[in-house]
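To start, the structure itself, in structure tokens.
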Amino acid sequence: MDIRPLYDRILVKRVENPIKSKGGLFLPESASEKPSEGEIIAIGQGRLAEDGTVKPLAVRVGDRILFSKYAGNEIKIDGEERLVLREDEVLGIVEA
Amino acid sequence: MDIRPLYDRILVKRVENPIKSKGGLFLPESASEKPSEGEIIAIGQGRLAEDGTVKPLAVRVGDRILFSKYAGNEIKIDGEERLVLREDEVLGIVEA
Amino acid sequence: MDIRPLYDRILVKRVENPIKSKGGLFLPESASEKPSEGEIIAIGQGRLAEDGTVKPLAVRVGDRILFSKYAGNEIKIDGEERLVLREDEVLGIVEA
Amino acid sequence: MDIRPLYDRILVKRVENPIKSKGGLFLPESASEKPSEGEIIAIGQGRLAEDGTVKPLAVRVGDRILFSKYAGNEIKIDGEERLVLREDEVLGIVEA
Amino acid sequence: MDIRPLYDRILVKRVENPIKSKGGLFLPESASEKPSEGEIIAIGQGRLAEDGTVKPLAVRVGDRILFSKYAGNEIKIDGEERLVLREDEVLGIVEA
Amino acid sequence: MDIRPLYDRILVKRVENPIKSKGGLFLPESASEKPSEGEIIAIGQGRLAEDGTVKPLAVRVGDRILFSKYAGNEIKIDGEERLVLREDEVLGIVEA
Amino acid sequence: MDIRPLYDRILVKRVENPIKSKGGLFLPESASEKPSEGEIIAIGQGRLAEDGTVKPLAVRVGDRILFSKYAGNEIKIDGEERLVLREDEVLGIVEA
């Protein structure tokens, strides 16, 4: 089952964010907190402007993004948790 | 009894969302929660722009959609529960 | 006593919404709840746009409409309860 | 003492709204509730649009109007209670 | 010390509002309540429109005005209480 | 350390507002309350309009201003308390 | 791991703000409070205007800024705390 988000919404799969300490060690994040990092797996057709035109988004499918932990709507697709965000809720793009 | 939604509103019939696990098994969702997936059974004439013109919607009758579980207004038509949403409350369209 | 609503407001008389079950039986709604269906008995001259012009409404006198049960203002006309809604509070038009 | 309301504000004198029952009898409203019907005794010069121009109001001095019971600001003029409303708070005009 | 209000703000001195009863008697208002009537002692240069231009106000220095009792900001000038309002908080102008 | 405020923000140093009574005596304000009068020590480059242009401010460095006691953000510069306000939070300019 | 903020967002690293007293002594701030001063380490492509165009920001990478202590979203990058702000949350730029 695929989901096509509408307008400026994007579909995101949360990814674990392994914490690399200064010394190069990887520490797991607190298990009780969902990661606020994810990969974009689908994007809408663009932001709807006030005049009814649709403007392209700045994010792309495959982008790794950061978002606020309270952002978006949780949905389930084939039993897997996904997140639907608005592009404006994306704090930044991770450049590896 | 048919309902014609106004402007950017859409009429939705909730549908059960069978959960397919990774292994192919179907698991019922929690019975206490209404599905947040539905089929569009009618749409309004379009979104009313600030200048008074009406812009076509991006959704179509028959689309299978996802929405937030707190979205919309519950109504009853011939004893059946239906939901009236604004198009902006549609998180995405399910592409089978 | 007649009421002429202003701009995008409409005057509505609630009507009972007999529930027709799948088997064709009519069941009364819960007596403790006011119907959220009504008939439009008067409409305003149109929606006031930001530039000061007035745009025609999409609803007509005589339309049977659905609305949210918390919508509008209750008024009394000659001892009868009426409801004043904004057109934007109309969820849809009932097409018999 | 006369009051000239500013812009889209109107000055209103509440009037008793005798309730006429279906059978033609007049019943007093509950004494504990102020009437939400009134007569316009003065109006402002017009609604201030975003571009700074002033647009004429749709109500006139002498109009009998209905309004929500929580609308407006109570003032006293020569010891008499009056109400200052914005035109947008007028639900409708009573046509006798 | 003089105060020059900015943009659409006005500087107001509260004045006692002697209540004249129908019979011509003057009754003092409740002592525990500040009067919501005042005289304008200074006005700003005009309302700032969205396009950055400044539009003239409809009130003048010397106008006697009514305002909501919760409107504005209290300030002290040379130990005297004054009120700074926005023009939009003026309910009406008293015409003697 | 100098601070350059952004856009329509201004940097303000609170100043004591000696209260001059009618008889010419100076009374200290209540010690428990911060003065809501200050001197502008820096201003931003101008207000950002919706179209992206920057409009000049009406206040100048050196202006003595009044503001609401809840306005703005407190900051510390070299251990001294300063206040950052938006120009719209300035109630008026003191003209000595 | 680098983060590219979107639109008018900026990525900020908090920096300690040593307090210099009038006499030239440096006093540590209260340890229990995070500094509300930081250095910009990345900026978005610009503010998205209502017409869909992108306007350049007034801040630059490397700017030392002040912000309200409740502003922005905390994120972790490689185990280090960073802050994502909108440019509008920047109170001012520190000029050394």
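Letters A, B, C, D, E, F and G mark the chains as written, and numbering starts fresh at 1 in each.
Assume a residue touches a chain if its C-beta (ideal position, glycine included) is under 8 Å from a C-beta of that chain, and two chains touch if they have at least 3 such contacts.
This is a predicted model, so every value here is computed, not measured.
J.: Through what angle, to the nearest 5 degrees, does subunit E rotate to match subunit F on its C-alpha atoms?
T.: 50
J.: Subunit D to subunit F: how many Å between their CA centres?
T.: Here subunit D and subunit F have centroids separated by 41 Å.
J.: Measure off the straight-line distance from the CA centroid of subunit B to the CA centroid of subunit C, and report it in whole Å.
T.: Chain centroid spacing, subunit B to subunit C, equals 23 Å.
J.: If I count partner chains per residue in subunit B, which residues reach a count of at least 2?
T.: 50-51
J.: In which sequence are the chains arranged about the ring, given a start at subunit F and a first step to subunit G?
T.: Traversing the ring with subunit F first and subunit G second gives F, G, A, B, C, D, E.
J.: Considering the complex alone, what residue numbers of subunit G touch subunit F?
T.: Residue list for subunit G touching subunit F: 17, 19-22, 27, 36, 47, 49-51, 53, 55, 58-59, 66, 68, 87-88, 90-96.
J.: Using the touch definition from the top, list the residues of subunit F that touch subunit G in their complex.
T.: Going by the criterion above, the answer is residues 1-7, 9, 11, 42, 44-45, 50-52, 73, 75-76, 78-79, 84.
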